[in-house]
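Heads up, the thing below is written out as structure tokens.
Chain IDs A, B and C follow the sequence of writing; residue 1 opens each chain.
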Amino acid sequence: MHYTFDFGWLLEYWPVLLKGIGITVELTLVGGVLGVSLGVACAWARALGPGWLRPIVTAYVEMIRNTPFLIQLFFIFFGLPALGIRMNELEAANLAMVINLGAYGCEIIRAGIQATPKGQFEAGASLGMSRIQTFWHVILIPALQRIWPALSSQIVIVMLGSAAVSQIAAEDLTFAANFIQSRTFRAFEAYFVTTLIYLALAVLLRQLLRGVGWTIFPRRGAASRAR
Amino acid sequence: MSDFTTWDILRNLLLAARWTVVLSVVSFVGGAIVGALLLFMRIGKGRAGPAFVKAYVEIFQGTPLLMQLFLAFFGLGLFGIDVPAWLAAGVALILWSAAFLTEIWRGCVEAIARGQWEASSSLGMGYVQQMRYVILPQALRIAVPPTVGFSVQVVKGTALTSIIGFVELSKAGTIVTNATFEPFKVYGIVALIYFCLCWPLSKSSQILERKLNVAHRNH
Amino acid sequence: MSLIEITEVKKRFGDNEVLKGINIDVEPGEVIAIIGKSGSGKSTLLRCINGLETIDDGSISVAGAQLLPDEIHLKALRLKVGMIFQQFNLFPHLTAGRNVMLSQMVVKKTPRGEAEAMAKKMLERVGLGHKFDAYPDELSGGQQQRVAIARALAMQPIALLCDEITSALDPELVNEVLAVVKELASEGMTLLMVTHEMRFARDVCSRVVFMHQGRVHEIGPPGEVFAEPRTPELKQFLGML
């Protein structure tokens, strides 16, 4: 093996990487927030919603969970214009991530809702709260607390999966790496550095999500101990 | 506009789907073998073994599979050989699957060990005997549903190998789209084929899990 | 007119007829103890009165308003009748004070300040004014149950339903909860309680209902029911046979 590693290109190309990081972070934040929201809505529909809505949500969840993200992305970006639905690369990437996380989030959050003791629903009802009010004020936060570790892992998985959006030319971190390697012919180094950046992003994201958990769930362990 | 009938499209995609299946099976089986080796390193005594596996899992679960594919593709290339896409794809997917499987299985072993360790220690068994006769047989049972569930991730993971040029179902989708200019139809069919591959696996994982839960409750 | 009128109420779970025609009229300010063997339908009756179960036949009316199983009527009913559960069912993610404030703000749209003042007042009333900021898992069982009572009281109900509210408590914590209930009774609150505390029933209640196999088997003032049970079932239940 007669190969000398060369990272000199970093001096010239770091702004490209930085821009890519920015897009990846933006995709993750938007995808994370909207995706979890969609997941909550779908989990509600599947666990507690009206009967006619459940099969629709189930079909959506199963469809997404059993097809690759890349194909979902291609379908949205290349396929949907056939129906007159057009969007730019970033919009398509964002939409795909929200839809993807929404489906996985739905299943995870639903498990949290189903682990809720029946008495919580009854206490809400006996105080005169409607079903929606009970869900929103009483059930949701402890349910999220129960599954927060699983949901956090899924958000990290979706962030890492976002590397695929480079394939519809959304200019994320992977796109930056592709761009750099095409200019410098230093493919291995470019992807190596990019991989390290992803690793750092994953670690940071996990910390961030832990922090979010600490703020929205004031009582750690309370949900598990309550009867 | 194009000479492709829906039947032509479907036939081409199905032919390519064979490679998705082959790559999935190879990756899953290879990943299981490497994953098992890693598992023994992880739960073994020693210090270096567990630390190595921890780092391994951290890296493979903390970076995009796509990056791993690129690194395998260009990394193997550094050895001066002309790396075929299928080789890079297989290597990356095996290593990636191994990380996830080893982590899933470790969870199962620990779930069993928590309750059974003391019981079997008190019977005077050694570490290896405990593993061999008490922990692993039970862990194996509860490991089946999540392992089957993970196979779905492997099948979906193979889609990314299209990006480094391996011609499987997703790549075929792109090729056929470029020939027919019917992305809606083609990617719709591609998605449907993936669904047909994955859904039975997802479903059986769920059913196995439910069975296991019922069995456990009856104890 | 009685405050709560229960007329020929029937309730089935599948083929299992749990309530087989219950008739009870509760006057304002009455304290009624419901006793009976496990499975006799005591909980089911209370749950029907609170609309947690729908009845199959008969009628229940509270303060002259018929209980109907739609959200508007149910909400109106639940504003009049509070319920306290064996397992407390406090909301684990909210402090004691917020537990008491929540339904006021969400259901009655009480402004926060007012709801907070009411919560303070009600927690004082059950002797827990100092626990406003404590989370449920920082409270003993007896304290949790008292918060649950405060939470129900904050909705200013005209009657309270209590289903074995001391059964999940350690013996030494039972009295602090019963003391609160006794206090409420003396203030004129209408109470319907399922209980195994026979002494409490004798001392505090105006009437005792003995349920047996889904029917009101005997009913009367505690003096009569406890001292001169008429049926062998009640005698057996009271350990007199």
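We take it that a residue touches a chain if its C-beta (ideal position, glycine included) is under 8 Å from a C-beta of that chain, and two chains touch if they have at least 3 such contacts.
Predicted model, so just to flag it, every value in this text is computed and none were measured.
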Two chains joined by the most C-beta pairs in contact, as defined above: A-B
Greatest separation from chain B - chain, by CA centre: C
Centre distance in Å when chain B and chain C are each reduced to the mean of their C-alpha atoms: 55
Cα-centroid distance, chain A relative to chain B, in whole angstrom: 20
Between chain C and chain A, distance of the C-alpha-averaged centres to the nearest whole Å: 45
Parts of chain B lying in touch with chain A, wherever the complex brings them together: 59, 62-68, 70-71, 74-75, 77-80, 152, 156-160, 162-163, 170, 173-174, 177, 182-188, 190-191, 194-195, 198-199, 202
Contact footprint of chain C on chain A as seen in their complex: 117, 119-120, 122-131, 133, 137-138, 141-142, 145, 217-219, 221-223, 225-227
Residue ranges of chain A in contact with chain B within the complex: 1-3, 62-63, 65-72, 74-75, 78-83, 156, 160-164, 166-167, 174, 177, 187-188, 191-192, 194-195, 198-199, 202-203
Complex interface listing, chain C residues touching chain A: 50-52, 71, 74-75, 78-79, 82-83, 85, 87-93, 102-103, 106-108, 135-137, 148, 151-152, 155
